[in-house]
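Read the structure below first, then the notes.
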Amino acid sequence: DKGGLQAQSADGKYSFKLGGRVHADATYSNDDKFLDSKGNPSEANDGTYIRRARMRFDGVFDKDWFYRTEADFADDSVAMKDIFIEYRGWNWGTITVGQQKQNFSRELQESSNDLMFMERSLMDVLNTDTVDRAIGLNYQTKGKGLISSNDAWVAKLGIYGDSIKPSRTGTEPENDYAGDEGWAVSSRLTYNPILEKDKLIHLGVAGNYRTPDDTGDVAESKALRYRYRTTNNQSNLTVLDSHDIKDVDNFKMLGLEGAGMYGPFSAGGEYTHTWIERKDGSEDLSFDGWYAEAAWSITGESRSYKEGNFGYLKPKNKFSLKNGHWGAWELATRWSEVNLNDREFRGGQMSQLTVALNWYINENVRFMADYNRNFNFSNPAVTTVGGGDPDALDTFMMRGQVAF
Amino acid sequence: DKGGLQAQSADGKYSFKLGGRVHADATYSNDDKFLDSKGNPSEANDGTYIRRARMRFDGVFDKDWFYRTEADFADDSVAMKDIFIEYRGWNWGTITVGQQKQNFSRELQESSNDLMFMERSLMDVLNTDTVDRAIGLNYQTKGKGLISSNDAWVAKLGIYGDSIKPSRTGTEPENDYAGDEGWAVSSRLTYNPILEKDKLIHLGVAGNYRTPDDTGDVAESKALRYRYRTTNNQSNLTVLDSHDIKDVDNFKMLGLEGAGMYGPFSAGGEYTHTWIERKDGSEDLSFDGWYAEAAWSITGESRSYKEGNFGYLKPKNKFSLKNGHWGAWELATRWSEVNLNDREFRGGQMSQLTVALNWYINENVRFMADYNRNFNFSNPAVTTVGGGDPDALDTFMMRGQVAF
Amino acid sequence: DKGGLQAQSADGKYSFKLGGRVHADATYSNDDKFLDSKGNPSEANDGTYIRRARMRFDGVFDKDWFYRTEADFADDSVAMKDIFIEYRGWNWGTITVGQQKQNFSRELQESSNDLMFMERSLMDVLNTDTVDRAIGLNYQTKGKGLISSNDAWVAKLGIYGDSIKPSRTGTEPENDYAGDEGWAVSSRLTYNPILEKDKLIHLGVAGNYRTPDDTGDVAESKALRYRYRTTNNQSNLTVLDSHDIKDVDNFKMLGLEGAGMYGPFSAGGEYTHTWIERKDGSEDLSFDGWYAEAAWSITGESRSYKEGNFGYLKPKNKFSLKNGHWGAWELATRWSEVNLNDREFRGGQMSQLTVALNWYINENVRFMADYNRNFNFSNPAVTTVGGGDPDALDTFMMRGQVAF
């Protein structure tokens, strides 16, 4: 991408790139006075925040070795994102070592710089704490012409430990019992029967298996917990909460993906199912979630797509007052649901409708406006002030974004 | 500035710059054994510290879009500073979105790389927690030739939410009630009846209005509090302390500025007045502070100045043993006061005299030595070991600075 | 080094460099179920972790002024490393101001990017909290031809306050009594009777004296404490622990170094002795530690060496599948011991045997495999589940490293 700082050695074998992103948000919620599960007043936070502020170092060494380290500093704290080394000198595929996203869900794989909506869907409640970044070893390979000359596929398989965080407890550990790390295997396969610049069909399937920390005769350091907070980082309003799910022996996840694009129009969806196997007499659990989305590039552009994931909408004409160009405009809508209820277990269930209007100034700057309606509540984590389930929670959000 | 890492695209529409700063300090205080308000021994910390250690990414995208993100890592923690996007493609002014300094006080606007003194004045006690950086939307415009062909003005107007920090409470929030963010409007207008390279007059006026977080029937997350700690980050000795000021409905601030420069001589001052309106029967409060400063560039340089703020003193001849050049030397003095007493309210009052000797090696390296005398105490936050107000507290500080 | 991002001004007086490193590790310990000193189950953590993730800014301003700031973000927190300004324009030596390593121990001075073993030796238990980085002023000078035309020496002398951390207690200090900082002097002298590219003898001696924080009639903020945790950051298993050593008046340290290299073979060792003088009737203490190591570059390279420290092993032929080159391979072994027992004082004692196999892909990428056997325990911080000292603890570690 133009605009980031890039440098290359004369022989082309070494290169380097600095990247970064800023997502500056404002949010407002309507009729948001609730009581939390302890009966305390609870409210979605209205105001401004920095959703992401990242710096990234990228590089290629001796042609075959790629490297990335990216840190997020929003909220005045550090959250390391990608930290990996990748070997690209082998014909049969790419090997990646370090912290990286696990192989699951198109929505999760796509960069927050590129997504059409300010936040991921309700389905992501099942994915964000289970198949997001972890430290591991991944193998990726891809091909063309499997069936016809116009198709393509990508296959990934990885084995993972945990992410950076869970291995430490407290800042002054002194024989804190941390136990051994758990491990996971995940795989994602995508296939495009049709793959052209302005026309494509995307199909995908992914699976994940994880065994949590070895617990022995000592409790696990961190129980599994699924939650939905309105407008993730900003608001403290937890609308859905499974609370701690203990005695987890392992869990399995299945993901299904489908999408299509025809010129400026696109539609797609995903489904995630999670099976949690528990021990010591605790009941097994089964949750699921899904979303369906549709988008229209008002100014006529087709979305970019690469190896199983959609990318940034590049405007045909960059915004310019002088030249009378208005960049690209995009209208998108999404319906998503998540269900954390299973027989007697009441983690809650809800639906969300999102409508988004996006303005792509150029390849680096974008403005977004999102409207979210959360509703169809069953066993949510909040009640109305008078008692009883809320009817709906409406949130309006805006974002200014720079990325390179 | 020469020395930072800069790159530009061939067509000049894209550019990028890496910046950074290190301020490495040592400090020593004399006769500094006191008792704090609880009667515990209290002392200004003598020793070494890193006052600032920052990395910055700057960039221009497609000519009109400027971007900045800067993080401070001193004290082994993250403090995000500027994080904003700026549109400069419009003839009638500049629009800035993101975290940025609010429009108040020349001393606050000027970079810590450029200030003649190692720390801001006592007046800054009123400004640092109220009109420093916040997330918001700012509009800036400027002009020349308002009255004669030799004058200039700059006008700024912004609306702000809060800064990064206050919106979160704790690291594992679970329906913590955060309430909605407050908001503020601030504006600063500066005017130069005379504006030449070595001769100028600076006049300024600024206003700020802020309503703190909406509290509803729940207490505010953070009360207003004014404090002065000797040599800000290093010493834990809080000499002046208003303690928590609760029930704040809103506060208003007025700032007045004046300065003049004639060749190597300059003088200036500022005044800040704060009116706090309170509710629930709490008494309204009114505080003020000011400083006056004078400086002489011994080696003859004039200070740089741009759009309402003074900048770095660029040496005529960079320091060089070989060429027998000694860089630039500057002598500066400042008197400042702050008064947090209002009728029965006893937040304390004090004066400070500062003398500074600065050595500008080149455009990137500077060494500073400051002597501070704090005195004229009335209701300070410390007492002498024998009881009673301290007579004076003398602090000597030195700094090595690199900035680019 | 090739590969990092570098830029230079046309006149060569200004330059800039971005650096970074990633150390991604996995570790596994055998028979590691113990009880800690409170009788709680305790275990070495098996799993993956990011040992180091750093970003660095380096620069030269006006030819004579060097600058560096480096931050580590592993574990989702900030740890500032080098932050200093260096004046190189003087013929008689170099002056460095800021946070830097103190002058002690070759093993400590050598970069973690270059060391032959994944972690420093048991001897480092005595050094890591006492002579690692601190804020101070250092003077360095060097020469050649002291005795013959083929020898060389380096001398360093520095005075130091504390490192970044100890000066703060808590995040919301309010007249916390921090006391004044302690100070230290350290000096290291190395001499090479023989110094050729593939043949050298290294001799070194270092001394350190430190007086901890002034305590007056108030307790010190941080007691001296020596500990060994298996595979430093990853595992919480503290195998050796002196616990808090209070009433320290001062401590003195002596370090002795010797090493030799002949073509692809090298051997070396170090010894550290610490004398702790205590007051208020507490007994003085005396500890020591040492290591001896030997290495063989299987592919024939000689190790690099510069001014008292060994560097990275640069492969004769970079790894390349196409050209049939396999990079450099290195086999190394180390025996190390530390003794924290002194008369009645029982801090513990142990030995460690390390065997390492390293694969140097090119100047930027390296893979490491280490086997550690900890044994010869006397008064360790853990016991077996049945009671009694452990026999041995075996740990196997692997690392993928990128550095530039």
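Letters A, B and C mark the chains in the order given here, with residues in each chain numbered from 1 onward.
One rule holds for everything that comes next: a contact is a pair of C-beta atoms (placed from the backbone, for glycine too) under 8 Å apart; a residue touches a chain by one contact, two chains touch by 3 or more.
Note that the structure is a prediction, hence the values are computed from the model and not measured.
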item	value
Graph class of chain-chain contacts, one of line, ring, star, complete, other	complete
Type of subunit B:subunit C copy interface by residue overlap (half), same or different	different
Distance between the centres, which are taken as Cα means, of subunit C and subunit B, whole angstrom	39
Touching two or more other chains - residue numbers and ranges from subunit A	5, 7, 18, 55, 77-78
Residue ranges of subunit A in contact with subunit C within the complex	5, 7, 9, 14, 16, 18, 55, 57, 59, 61-62, 64-65, 67, 69, 71, 77-80, 83-85, 89-90, 97-99, 134-136, 160-162, 164-165, 167-169, 173-181, 214, 216-218
Contact set on subunit A toward subunit B in their complex	2-7, 18, 20, 22, 24, 26, 33, 36-38, 40-43, 45-50, 53, 55, 73-78, 234-238, 241, 318, 320-322, 361-365, 381-382, 400-402, 404
